[in-house]
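Order as written gives the chain letters A, B, C, D and E; numbering starts at 1 within each chain.
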Amino acid sequence: MDLSTIIGICVAFGLMLMAILQGGPLGIFIDVPSLLIVVGGTLGNTLVHYPFADVFDALNVAKKTLLYKETSASELITQLMEFANKARKEGILALQGAMNEVEDEFLQKAMQMAVDGQEPATLRSMLATEVEYIEMRHSKGANIFVSIAAYSPAMGMVGTLIGLVQMLQNMSDPSSIGPAMAVALLTTFYGAVIANIFCSPMAGKLKNRSEGEILIKTLMIEGMQSILSGENPRIMEQKLHAFIAPKLRESTFNK
Amino acid sequence: MDLSTIIGICVAFGLMLMAILQGGPLGIFIDVPSLLIVVGGTLGNTLVHYPFADVFDALNVAKKTLLYKETSASELITQLMEFANKARKEGILALQGAMNEVEDEFLQKAMQMAVDGQEPATLRSMLATEVEYIEMRHSKGANIFVSIAAYSPAMGMVGTLIGLVQMLQNMSDPSSIGPAMAVALLTTFYGAVIANIFCSPMAGKLKNRSEGEILIKTLMIEGMQSILSGENPRIMEQKLHAFIAPKLRESTFNK
Amino acid sequence: MDLSTIIGICVAFGLMLMAILQGGPLGIFIDVPSLLIVVGGTLGNTLVHYPFADVFDALNVAKKTLLYKETSASELITQLMEFANKARKEGILALQGAMNEVEDEFLQKAMQMAVDGQEPATLRSMLATEVEYIEMRHSKGANIFVSIAAYSPAMGMVGTLIGLVQMLQNMSDPSSIGPAMAVALLTTFYGAVIANIFCSPMAGKLKNRSEGEILIKTLMIEGMQSILSGENPRIMEQKLHAFIAPKLRESTFNK
Amino acid sequence: MDLSTIIGICVAFGLMLMAILQGGPLGIFIDVPSLLIVVGGTLGNTLVHYPFADVFDALNVAKKTLLYKETSASELITQLMEFANKARKEGILALQGAMNEVEDEFLQKAMQMAVDGQEPATLRSMLATEVEYIEMRHSKGANIFVSIAAYSPAMGMVGTLIGLVQMLQNMSDPSSIGPAMAVALLTTFYGAVIANIFCSPMAGKLKNRSEGEILIKTLMIEGMQSILSGENPRIMEQKLHAFIAPKLRESTFNK
Amino acid sequence: MDLSTIIGICVAFGLMLMAILQGGPLGIFIDVPSLLIVVGGTLGNTLVHYPFADVFDALNVAKKTLLYKETSASELITQLMEFANKARKEGILALQGAMNEVEDEFLQKAMQMAVDGQEPATLRSMLATEVEYIEMRHSKGANIFVSIAAYSPAMGMVGTLIGLVQMLQNMSDPSSIGPAMAVALLTTFYGAVIANIFCSPMAGKLKNRSEGEILIKTLMIEGMQSILSGENPRIMEQKLHAFIAPKLRESTFNK
């Protein structure tokens, strides 16, 4: 679903592999103890920093990122306008029926609260709290990737320091210095790859996704509050359009 | 249009080329695999971080930056004062006619809302939401350049590490060490050039432009609200002048 | 209790030791003066930065981190719902009896204030002040680890510079250069290990724990205020559920 | 006027020159192409980042920094107290006459607004907007120096990379390696000097100056609002003294 | 008085000296021109950044840090409770007498305002402004140390670059390379020591002290406002206890 993530990782990795293979065999870039110290050490740091459950959640979240279908803000506005018209013609209780077509749980909850006769202010404050805590959970997910992107180069440096110390203590055979230093640099290389090709862009994507989802949820809150307050549909549409880019605004009244 | 951007890039690039050519042929600074790993890898990272659409938007925004004509804050204030006088003499509906001379869509929208008889507070809150979300979209555009400026030196370092490992594994011929290391350093060089000569200053320019545009839109909101509230034109002018530097303030009353 | 912290430290340390032992004897990584300058110097810096008492508190806090049993947010909500039902049926004074089952001192205090007949607004503002200052004390604890993670690599660099200067002043015997530089690098190594394997992840964990505890205390405040205001239990439950992830929400009404 | 700025730059530069001359001729630190790439490249970046006008403003602002005479907060308070007494005895219109002695344009404007009969709340909100936008313009001036301090070491690194690549490609004559590398390092040196001896401290000074000026303007707003509200002079003095350090407070009542 | 600062500096310095002496004579770490460029250059930068007066203030503040006696928050609460009881029994004017026992000028001022019959809201807003500006002045003091900690390693790098360029231009005698490079590294060493052993921890201590003092002053404001409002002493004590750690709370009512 999320083509750009997959293409992006393939492009970055593919070009890196190409550059490696062009200069020599791939084998000299694979060293199991170096890999263990960077990957394992980073995993260890991450487990100290975050509880097990959060780390597994982060992996789930990353998987969802690749499969996630973004809701279109303009389609959501069209849907909310339909609900507004329905509520004006048939009363707020008519939304009960419309709830079945709605897939998003958050919108369902908002509609349920409207049907239950909550005050507009209560609806807004309860849903706003929920959005705030959704944002907090999202940012924890992204922060795990940010942390890994910080720990892996650090572990890479630790590994390189170990390699350098061993090499420097043992310089009797000059011909072995080059290869020993090459191996010492591998941990720095692994750390940089994990941080820069995997984790930093992934953390960025998760933050982007979170912002998109928060925008959608904010539109839902604004829309349901407008419906509940019986606001003029034209004004409501103008209000909701203020949240999105001008070129995405399609008025339901000009159709 | 935006001379300083074009001159700035030419100066920085020209001096760099000059320094390169003075020391030897340009050819030793061109290495296609190195270029591929840095440019392609950075592009890959960027596609993981941002969806396709956002990256294309960013390029569009960058193009617009070079062609953009900034609105003059003092001219806008003069125009708003004319509208205020017109509205005082002929009534708020007279702004309907003046809307045709207005090019800026945001000001048109504000005037339409005033003509439609919105409350000053509603006008302010709806337009303020719009400005807030314009700011968010602008800063996303600038952030893509900030991200590229962070990914390209990282990919440069990854490329240099690959080159160093290959060189160190293969030091039998001492005369090849220098050139091999020179090639390894090229990716770091490319990364530094992309980050520091292109992306960081461009991100800065986009942020500056965004601030300028937000100031203009804030003036529009303040002005239309004053007009709608029927505020004294002298006070309105003083209010608007508070947003700009003293030397740019030209009172319409002293003329 | 806190398995992930212990496992994480063991994994990171174990893999590092493995990598060291695979390349040679452990002995070459132990140098007492180097250790003294990094550990002692970092301790010295920390004592200048923080008073004795705060440093000891931080160690206590770290110990508590390993032994701490997190309160379950969903269990707390269930408990608060029971109190709400009790208060509705038997009056607010009935909470006096329920206070004995409560272990958490903060919740006890909130209940005592409710039983004492405080206004809901007073209860909220006093408890919110308390939460704010708890957060401040927690973040001081985490910041001590952040400071150590900043001072130890700096002391490592100071140590390495000392070693390098001494080595460079004394290069008559080429065979001693390697080992002397290896020893000089050890302080950098110690600094990196202290910062990255111990202190940074520990600071992260303390921040996570603090956030968890603040969430629990926020739920307590919200819940007691709802009870004190005699709010409808269904609404109260919806309000409290807004703070936690959807999959953790278990309504007491569907049972 | 601003002795500390001039002395500071002379001390830092003088000691640097002394250290250079003690170790050899000054000539080896002067290389025109290196200077061009760092100074010109940094200028190019700055022109991309900021429009022409802003860069010239920044130079003006820097010049003003050297010539600026700071207003004394305690003298201003004494002056405001005099105005307060005058206004109490002779009425607010008596300030019209006192306006001629006032040099500061901002204070003149505040007094004019008071004489014009503005409400205290209007006076505060309009002047507060003005202060907010003054602060924004000041911080843009300081930020240009911050940007230059970031671009110049980056251009220095680009220059050094160019020199290193050329040197490494051309190592046939070992005796030329040292001098070639020395030249390559010069761009890094220039970048560090521009950033650390000129721009960073200058940006700091501009920020300090801005804070001082904002404090003075805040005192003017508070003072004029007190006068306009006809507040008790003793209370007004206590209010204004709260903004300054105890040792600077000189009561006009104890005299 | 402030033992931890003195012990901390001695420990860090002592261990550094020990490490130096163990490896060779102290003399090789002393180079007057290097010292001049780092210390003098840093001083120069600082004088550009801050006016003379602020730098001297910072030294005074640092001296005070070593001699400062912290006020105990729990003793202050006990004292405020006594004042509350006194005011309830003998009227607010009875505080006039109690003022003589009070050493802290801020508390004296708060009591004077209470005795003078100020409104609780006026007292709070005036004292809150004062605390805000005290915080600003404190943070300026700490920021001077933060700036020095940033300038000294930068000047160290400038010095090392000067040394390296001179060494590289003059490599005819291989035996002089080592010592020349050792001297070049000394400026980096001095910069690191000034920044990491002196200034960073000192800036941290000043920030800690400021936070402690602000907490004490906040307690004074809250307490005097409670007394002035004639609040129930038990509630007042609960309010004040909310600011401090549970283990420090000693109720005056359980005695």
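To be clear about the criterion, a contact is a pair of C-beta atoms (placed from the backbone, for glycine too) under 8 Å apart; a residue touches a chain by one contact, two chains touch by 3 or more.
Small disclaimer: the values here were computed from a predicted structure and weren't measured.
Trainee: Among all the other chains, which ones are in touch with both subunit A and subunit D?
Mentor: Of all the chains present, those in contact with both subunit A and subunit D are B.
Trainee: Rounded to the nearest 5 degrees, what is the angle of the rotation that puts subunit A onto subunit E, matching CA atoms?
Mentor: When the C-alpha atoms are superposed, subunit A turns by 145 degrees onto subunit E.
Trainee: If you average the Cα atoms of subunit A and of subunit B to get two centres, how far apart are those centres in Å?
Mentor: Distance between chain centres, rounded to whole Å: 25 Å.
Trainee: Averaging only over C-alpha atoms, locate the centres of subunit B and subunit E and give their separation in whole Å.
Mentor: Between these chains, centre-to-centre, one finds 40 Å.
Trainee: Enumerate the residues of subunit D that touch no fewer than two other chains.
Mentor: none
Trainee: Please trace the ring of touching chains beginning with subunit A, moving first to subunit C, and write out the chain order.
Mentor: The chains follow each other as A, C, E, D, B, starting at subunit A and passing subunit C next.
Trainee: Can you name the residues of subunit E that touch subunit D in the complex?
Mentor: 33-34, 36-37, 40-41, 43-52, 54-55, 105, 113, 118, 122, 126-127, 129-130, 133, 136-137, 147, 150-151, 154-155, 157-159, 161-171
Trainee: Given the complex with subunit D, which residues does subunit B contribute to the contact?
Mentor: Contacts found on subunit B: 2-5, 7-13, 15-16, 18-20, 22-24, 28-29, 175, 178-179, 181-182, 185-186, 188-189, 192-193, 195-197, 200-202, 204-205, 208, 211, 235, 238-239, 242-246.
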